[in-house]
Structure formats: C-alpha cells, structure tokens
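Sending over a structure as structure tokens; questions will come in a sec.
In this document, chain identifiers A, B, C and D correspond to the written order of the chains, with residue numbering beginning at 1 in each.
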Amino acid sequence: MLVTVKCFAWAREVTGGDEVELEVPDSGTVRDLRESLGKKFPAFAERMESIAVSVNQEFAGDSQGVSVGDELALIPPISGGVS
Amino acid sequence: MLVTVKCFAWAREVTGGDEVELEVPDSGTVRDLRESLGKKFPAFAERMESIAVSVNQEFAGDSQGVSVGDELALIPPISGGVS
Amino acid sequence: MICRIVETPVDMDTLIGDVAEDDIGGVCTFIGLVRNHSRGQRVTHLEYHAYPEMSEKKMRQVIEEISERFGVDRIAMEHRIGTLQIGEIAVGIAAASAHRDASFKACRYAIDRIKQIVPIWKKEFGEDGAVWVEECSVDAETA
Amino acid sequence: MICRIVETPVDMDTLIGDVAEDDIGGVCTFIGLVRNHSRGQRVTHLEYHAYPEMSEKKMRQVIEEISERFGVDRIAMEHRIGTLQIGEIAVGIAAASAHRDASFKACRYAIDRIKQIVPIWKKEFGEDGAVWVEECSVDAETA
C-alpha cells in the first residue's frame, strides 16, 4: 500500500516536499515504513535512529501498525522552547 | 543617653508613633535597648525574641553597640513577598 | 487555558491574565528569547517551524502531566513560529498556584518537557549560513 | 537593574525589559498576587508597609547573593506597598540568564530570600477584622 507521510524541518529539505509517499506492505509497521524511507532517501538511512515517527499525532514505536488512513509524520530531532 | 528608634507595623501600633525614644546607658548595646523597650512597653517584653533590631539598616545581634547617631529600628516578624 | 502555536508576538500579560484568578497567590513565568549567539556563533535571526496540530496536542499533554504531578491546573503556554529576530519571545509559559513552590515546579517542568516532546524545530541563521538546530531526538517510549 | 519599593502598580513588562538583553536566552519571573483567602479566612484587601530604605538595601543584598551563588547578574525586583486589592501584584521579580536553569534558580532564591530578610509587613483585612501577618522572625545571624 502507498502511505502519505508528512515531512518537517530537515526531513522536508531531504524529501523536497511537505509530504512523501512511501510503499509499505499491507498490515505493515513503522519498521516497514522506515525501511522504505531509507531505501528511497539514503540521507535518512544514515541517521534513522535519530528520526521519530508519529502516527495520528502520537510518537510510535517500530512495531506499531500503519494503515492508509493514518496521519503519519517524520519527526527529526526537535529544538522547541529555547536552549 | 536617649536614642531614637523607628517603629514599624505591629511595633508602631504598640508605641503609638513612627519613633520612640529610649534611655540606654552610654556605650550601651542592643541588649540594653531591648531591656529599656521591655520596661516601657510590656507588650514587647512578652515577645521580645520575635522582634529584630536594626542598626544603620543592618540586622544587629544583642551585643552590638548603639550610639546616639545610629539609625535604629524595631523589626517585628516580616511578611513581604507573598505566602 | 491558553495552549497554542502562534505566528504573532507572544504577549506575557495575556498568558498571566489567563492563569491569574482571585485564589492565586503566585505566578511563575518563563520567557524564552532569541539569543544573539549559539554554539560560539553569532546569530542574526531564527526560523521556527512546527507540526502545529501535534504540537498543540503535545502541549496539552504537558499540561495534563503537570496537573498529575504537581496539582497545578492553571497553566498557559504559547510557542511562536515563523521568523524571529534577536530578543523576540519564542516561548512563553505561565503557571499559577496558591503557593509559590508548586508554580515554580510546574513552570520548570513545562519548559523542560516542551523541549522533549513538542515537535517544533528551529533554523539558526548566522554569519556562516543556516543550520537546523537538533537538540533532542524524541524517544517514543517516554513521549 | 531595577530594585525598589513602589507605591504604584508593579509592571512586569518593565522588569522583564530591564533584564532582557540580546545575549539572554531565558527569563524566569515570579509574580506574587494578593489572594482572596488566607489561613481559612476570606481576605478583602491588604496593606503593605515597609522600612523603605532598608528594604531596598536588603533587596540589593539579595541580588548580590544571587550573583555569587548562581552567576546571574540580570535581576530586577519591585515590591509594592500601600493598599492592595485582590489580584493586584505585591511583588514582581525577573531573572535573566543565557540558560534557563540559572534563571529559575535565581528567581526562586530571590522570592524565598525576600521573605526572610526584607523588612516589609502586611496587614490582612477580612470579615473578622484586620491582622498583621507575621510569617518570619528575622534571625540577625543569617540576615
């Protein structure tokens, strides 16, 4: 299935857009999404462990399932608030 | 010698004025000032340990000397800031 | 209680007014400002970006955590996004309580936790170009 | 740095502006408000009295202690005296630092220490009459 994933900050510069479409297996997980992302964009593969993934506006572990209707996003390391 | 002592808050209500004059021995100390105060106003004698004395705008121990030219004050328990 | 991402200047009086009621004795606030230096480099301005819907959701989570931990319910927070100049307020927090200890703890927890779990990013513009500041990788287990 | 006893309303923006400079990243403020209750009694208003010259001197001492302990030099504080209504600001403190931890510590120390050594008194007016609130006997050894 093809899922749409929101991109922010550094991730947006890598993918070149607000959203990216990724192919993941039906009944796939965040882990599958990461694998698909790393193949499509090597820059992500190099630092995958520093990127979080959110599903429906909650941070998700790798074993969490994803489906076409979910709101998915790539969350690079954050820097809100102030130093 | 006769010294003039500023009164604030509760102390002012007891003495009835912004200042009170107290007789202390020449080369006297804060201890002497307290003794003179307690004799003149029994309300002070009853709770003398809760009243601080300042000499020239610094809190003073009982053995500190006082002289006519000093700025003296009675400091009841404070409640600045907020609870 | 105010809890939002804004594109306009953060007004502390609005946040303070939002939490101060007649039974409140103390309000602790924290104001995060854009500094003119960072990591040894001169900064000219910043750009803050956010995932706005999720940011507001996670800010509400922070407020709920504070209520559970410190019993403080009167909290307001705003985080500004867009281009900010030196000295402008990036984030404002106000925490009110009957007594001061809880208001300090609540406000401190709020700014620390915002930095951990609210998806906001900043890009620093300096003499040597622009860079995404990446301070905290989000840990899904504790976020 | 502002450090004074005032008879007019405390304006937090003035205090914040006094400490915020381009190299400042965080400002922690504390605002002490007149509460509508105290010790189980309803409060209608308060009167704050001070030994003004000594109060400003002791407030300057608090600022010096903060500089020594926390390395924070940008502190502003105002304490209002006279008649205050419920919800009005009695005391305002702003502490600024490059990083937030020091600003929180400085602000917290300031309000705690003000209550220990600055000669200010308040009289609470309630349904059952008026009473001097006596919270802290000054210890000359540590003041």
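As a convention for this text, a residue touches a chain if its C-beta (ideal position, glycine included) is under 8 Å from a C-beta of that chain, and two chains touch if they have at least 3 such contacts.
On a predicted model such as this, the values are computed, not experimentally measured, just so you know.
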| item | value |
| --- | --- |
| Graph separation of subunit A and subunit B (steps between touching chains) | 2 |
| Subunit B and subunit C: spacing of chain centres that average the CA atoms, whole Å | 48 |
| Where subunit A and subunit C are represented by their mean Cα positions, the distance between them in whole Å | 25 |
| Multi-partner residues of subunit D (each touching 2 or more other chains) | 25-26, 32-33, 35, 100, 111 |
| Multi-partner residues of subunit A (each touching 2 or more other chains) | 82-83 |
| Chain contact graph, described as a line, ring, star, complete graph or other shape | other |
| Touching pairs - complete list by chain label | A-C, A-D, B-C, B-D, C-D |
| Touch list for subunit B against partner subunit D, complex | 6, 8-10, 49-54, 57, 59-61, 73, 75-83 |
| Residues of subunit C touching subunit B in the complex | 25-26, 99-100 |
| Subunit C residues within the subunit D interface of the complex | 12-13, 16, 20-33, 35-37, 86-87, 98, 100, 103-104, 107-108, 111 |
| List of subunit C residues in touch with subunit A within their complex | 32-35, 38, 48-51, 53-55, 57-58, 79, 90-91, 111, 114-123, 132-141, 143 |
| Contacting residues of subunit B [partner subunit C, same complex] | 82-83 |
